[in-house]
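Below are two complexes that have subunit A in common, paired first with subunit B and then with subunit C.
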Partner chain A sequence: MVGLTACSGGGASAGAGDTIAIGAVHPLSGGLAGVGGMMNDGAALAVEDINEAGGIEALDGAQLELRDGDSQGSAQTGQSEAQRLISEGAVALVGTYQSDVTENVASAAERADVPMVIDVAVDDKIMEQGYENIFRIQPNASSMGQAGAETLAAMGETAGVDVEKVAYLHIEGAFGTSVSEAFTEEAEAQGIEVVSTVSYPATNFSDATTQVKQALSADPDVVVVTGYYPDNVLVAEAVQALNPDILGVFGIASGAFDDSSFPADAGAAATNVLSANYHYAATSERSQDIRERFEEKYGRPMETAAMLSYQAVEVIAAGLEESGSADPEALRDAIANTSIEDPLLAFDGPIEFDETGENKNATVIVMQSQDGEIEQVFPEEFATAELIFPARDQ
Partner chain B sequence: MNRGVRVTQTSTETKEAPAAPPRLLDNRQLRIAAGLVVVVGAAVALMYLFGGQPSGLLTQSLITGVLLGGVYALVSLGLTLIFGVLGIVNFAQGAMLTMSMYIVFFLATEWGLNLYLAAALTVPVMFGFGWLVQSTVLNRVMGDSTHERPLLVTLGLSLLIINVLLMVFGGRPVSVASPVEGSINVIGALVDVPRLIAFGGALAVAVALTLILRKTTLGLAIRAVAANDVGASLVGVNVKRIYAMTFGVGATCVAVAGGLMVSFTSLVPSAGEQFTTLAFVIVVLGGLGSIPGALVGGLFIGLVQTVGSLYLPGSGSLLLVFGIFLLVLFLRPQGLFGAKS
Partner chain C sequence: MSATTESPRGTKLPSALPQRTHDGARRQYIYLAVGLVVLFFLPFVLPESSQPVLVRTLIYGIMAVGWNLMSGYGGMFSFGHAAFFGVGAYTDAVLLTNFGISPWIAMIIGAVFSAGVGVLIAYLCLRYKLAGSYFALATFAFAQMFLLLAQNLELVNRTEGINIPLLPEDSWAMLQFGQDSFNYYWIPLLLLAAAVAVTIAFVYSRPGRYTQAIRDDPVAAESLGIPIMKYRLITVALSCAITSIAGSYYTQYYLFVGPEQAFSMHVSTDAIVPAVIGGVGTIWGPLIGAAVVGPLSELVAAVVRNPPPFLEFLQGVSGLDVAIYAVLLIVIVVFLPKGIYGTIRERLRK
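So, the complex of A and B:
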């Protein structure tokens, strides 16, 4: 906060420059409105911070302006909102949380030659279209599955515990399937056997006991879970109720296990649940400061998704600084060559994009729900608390 | 106008009601119920013998299925009444369920009430809400032949409820802890206590509704209106008032459902929506307006979905549910407990 206000003295004199519009497409209404609204707030806070710090210096202190688009959770609506924002003069887009919506928005951005920075959307397929204007900060599904298996093996080694057999429980559809397939492939290379894979439906799912018992019937050491919020809470509760003799529950790209609502929502079932996911860097002072101010301003905790929206706006701002131009094509080239040190997420290094537009250094870290809080526990360099593994009383 | 409600013996029963004490199920319904028990029992026995699944897993899935069926039945009971008597396709059923869960959440967290006390207080609130919706809005759009206008109104109502909840409570998941957490062990399978209570609630609501319909003057009036609203008004029944009461009673069922389900639900404004479609399936499967039909239908669908998931992963079990639904409609278009029109 201090650093930013200190710079803002110069902002007033530079404010004469033009405003540059950035379009944000998120589900602001419908079932995902909670997270969509939070992400929009994250992007808005980034714009505010950048403007307060003097806007885009390379463009005479030009101010940024965030224009909202509401995808309503639907791919068609998201696409028409993206087209509207572009025609209203947005030089870049951020979005969109859902993979199917992102696919449509990305195709609209590509056709209009407007760069888009994906904040959250996991599906590998989005970037496999050969798009030139689309960039993604977070790791994709298959790299999360792969990193999840590597991390699980490394974690077992560090803790001195043998993880030999795992059962995989995932949500039906492209997301769950691609993460679990990538996990299974890498797990075999690491000497971990996936003894059972159980998928559950994405709709009309209100009790996970049968599926969890099915997964447990192969007698695994660890239950690995991939899915969204409500279903993963059900899975954790079912594991708690069945009380199996396992080392722990390990989420990969789980929508629940590292969410700050999870410990209170799942109660005892949340105890020591592990989650490998991309995550805001709780050890970074800059991200701590942003989270504090976010909570003060919007009255709710800033989850990782909103931090990614914040980061996406920073990527665009860095592109504008480097290109010194609000022309979308020059901006695209600048983003493609940018390198953002000190990312707000717990990544392997600076944010840099490869030729397909994926962030080269995107990776996952392990969180654990301990005493009602989500702590970062692995690897050591990002740890805010000590890893508890085995995570269950044996 | 007959709206397809189960009123087979209405004519005889209204004449002879004082003489013969009405039973909860008549002979025909008992035969259907017994037939279903035999079919399900045989299917279960076959699965234990030749199903190729560990018996512990099968037992667990049966018990989970019955408990899930209890939840489905709870949601469907109010719907079958509204659908059967008023002929209104109530798309707001899921949203009203969410609404009552949020009322329970509010009472439990803001006022610090016990969950089940909060649920009990929600019942009169939702009755008032249902009564108000029917008497001020729906009664005005109920024409002689069209179902579309009330249907569109309830669709609008559901959007309104969901978005008001979103505005007031935000979209982040919230939860209410149950005072009776934990689970008990029944023949090697786990029974979650809050779900068991919800199951008991479904049975209690079904019995209470049946008693109201069979034994009270209000119930008599509701059945009369359902059978023939013009005739009922000719003999002095205030049809619009009965409509409002019926919608209120339907909303009450939803309030009970919400109160009993909230402790095992991650509460977001769209939480109740997933039950709407299945509730319609259950109501049509059981027979429009049939209370035992909704109960048996709910249990049946819960069982099929849960046990089916052992054999068909993912949404395969839902395919099975809809497949059986179509089969039943093919064999008995009026539903399991429905009256032949």
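So, the complex of A and C:
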């Protein structure tokens, strides 16, 4: 029996030849419109691909439809857009890029019993509310901090270099603080000492020299950095200008160091900068194909954030296939039990969610900016180029 | 309209006209009652998806009514009403999550607390004779200070903000209902009506008259024996308490508040813009302004999503609402400097 299930929100029904609406909430206007629009395009491309391949088979080839909502980067607008999409019949949501907006959208989805797959939003706290309808594909802040420390130690070992002391430089706020705290804890276990932790303001930050000097004063082997795009470019430039005697700059969850425009924007300062982050699987043929078609269609490179939006739509589609129903509650159960082999991101294994809704196999890999390109360098199985470490001329 | 009695520019001492004052206030109350009854039934005729927009518009309305008391009637231009909104929002969140205190009680505590904060800030500013743009800048600085405090205080969870836990079922005591419940619309509607009623009562009362006299000419008012500081602080306290209630309700509706949502600069402008668009220093201006600004971005977004044939080229354009908002502000400031309601009222009088 297929296709007569009514959606709890607005009474839309799905079935043979029908369309199933998925709501996407991203910042489509305002300061984050660039990345928000790209993520929306990523989700739209996924919908297009699934429809071209015959739609949702379990629902007689029902077609998907992406309806977009503009959070304008604000939590309350995000919530009202989510409510609008749900009441207009969306059976699931994807979004939203920012942690605080995601908090509000997740609570709206939870209250309406509509599943939501978070594409990008890093804050641990989102999933600690006991929500049952919320799933996250990417690793959370604390696991990225932890994985960053493990990776740094493993990388040092592989390259035969001793990493004993690091200085941590991070942006103020929940994101930077939680990643750095998790890193520090794991680093101690790995025998790496965090000799100084320096934070810098999130707004009106136009020069990182003071903070970088402060971090370098403790004579670290490696400078570890967490932050967003513009501020991390400044950090890289300040390190370049001060030219310290260190093994390298190592970003964790950095918004800049593995972005494909970073090498051009930072110039010489980008040379060999390392970045531990969740990342699209450059070694996967499927993700290469998607990235190529994305660039052809939208005229700009597809960054990891957009790949996560694409992946989020695939997770929802897999849930629809498994439940054979567009009823949000059945869909929620199906997503909770789904297992997606061949993820588009460089993860440890298939996408599977634990009881809190976090992806069990989400992890980070290391990228390096080499000769104007971002290469995957560590671990070996995802490597597209050889790791250069020490990453600076000593 | 209540011509002479409401006129802020008149030099005659208002208390000289007790009978007309009484009539004027009564007429305003009647308008308010009629408006309340009409708006009460609004959710029945609008689609379900418009509820969040209605609620947001009402929250803007309460904030603007509060701001208007201090800045419109009191002449003390506040550029920092986020401080009072945020104090209300956080008081509610902290009392509820840490002590399980009902949001209704937290709303009152927040209002009292916020009024205290407002009086302290205003006292400091006025004591040192800050006026005009200097006063505005000082209030802005205080709001920024609260932003930094919230970002760094463990008590309010720093930058992570505070989530209000979801309840399994509806609760009047805890002010939580199913997401689509009309109660979420009716409660702020009544709060807004109460705020307007307070404004009417204040404007037509003796302290309200004094406040307006002080605004128009503080030296003359003082020379007539009006204790300037006292009446200014009363106005500030009322204004902050009302704005704080908007903040408490914000927390209850959105179930999440962080430093940005409570204290950032755009919260202050959210309180100012409706009043400026509608008409500063009028009873109905802030409401009309809120009714314009509140749904603006959704209306524009809806048009852009499914444009009528002659606007086909706009399909999928994002950010258009911001452009329209900016143009609207410029047009109003240039052509209707007294706001929509303020200008219309003036034309009608001529």
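Points to keep in mind about this one:
We take it that the second predicted complex is superposed on the first by the 378 of 394 C-alpha atoms of A that agree within 3 Å, B and C clash if a C-alpha of one lies under 4 Å from a C-alpha of the other, contacts with A are read in each partner's own complex, and residues count from 1 in each chain.
Throughout what follows, contacts are C-beta pairs under 8 Å (C-beta built on N, C-alpha and C of every residue); 3 or more make two chains touch, one makes a residue touch a chain.
This one's a predicted model, so the numbers in the text were calculated from it and none came from an experiment.
Legend: residue contacts after superposition of the two complexes on their common chain; A:237 is shown touching subunit B, with no touch to subunit C. In the superposition on chain A, contact of A:174 is made with subunit C only, not with subunit B. When the shared chain is aligned, no partner comes close enough to touch A:384: not subunit B, not subunit C. Of the two partner chains placed around the shared chain by superposition, subunit B and subunit C are both touched by A:37. Looking at the shared chain after the overlay, A:129 reaches subunit C, while subunit B stays out of its contact range.
In the superposed model, A:79 lies in contact with subunit C only, and not with subunit B.
Shared-chain residue A:111: touches subunit C; no touch with subunit B. In the superposed pair of complexes, A:70 makes contact with subunit C only, with no contact to subunit B.
Shared-chain residue A:103: touches subunit C; no touch with subunit B. Note: residues 29-30, 33, 37, 172 of subunit A belong to the subunit B contact set and to the subunit C contact set alike, using the contact criterion stated above.
Residues 10, 28-30, 33, 37, 70, 72, 74-77, 79-80, 83-84, 87-88, 100, 103-104, 107-108, 110-112, 123, 125, 129, 172-174, 177 of subunit A touch subunit C in their complex.
Those residues of subunit A that touch subunit B in the shared complex are 29-38, 172, 198-207, 209-211, 213-214, 217, 229-230, 233, 237, 241-242, 261, 264-265, 267-268, 300.
The touching residues of subunit C, when paired with subunit A in their complex, are 47-49, 51-53, 56, 151, 158-161, 163, 165-166, 178-180, 250, 254-256, 258, 260-261, 266, 297-298, 301, 318-319, 321-322. Contact residues on subunit B toward subunit A in their complex (touch as defined above): 54, 56-57, 60-61, 64-65, 67-68, 71, 163, 166, 170-175, 177, 181, 183, 190, 192, 195, 264-266, 268-271, 273-274, 277-278, 305-306, 309-310, 313-315, 317-318.
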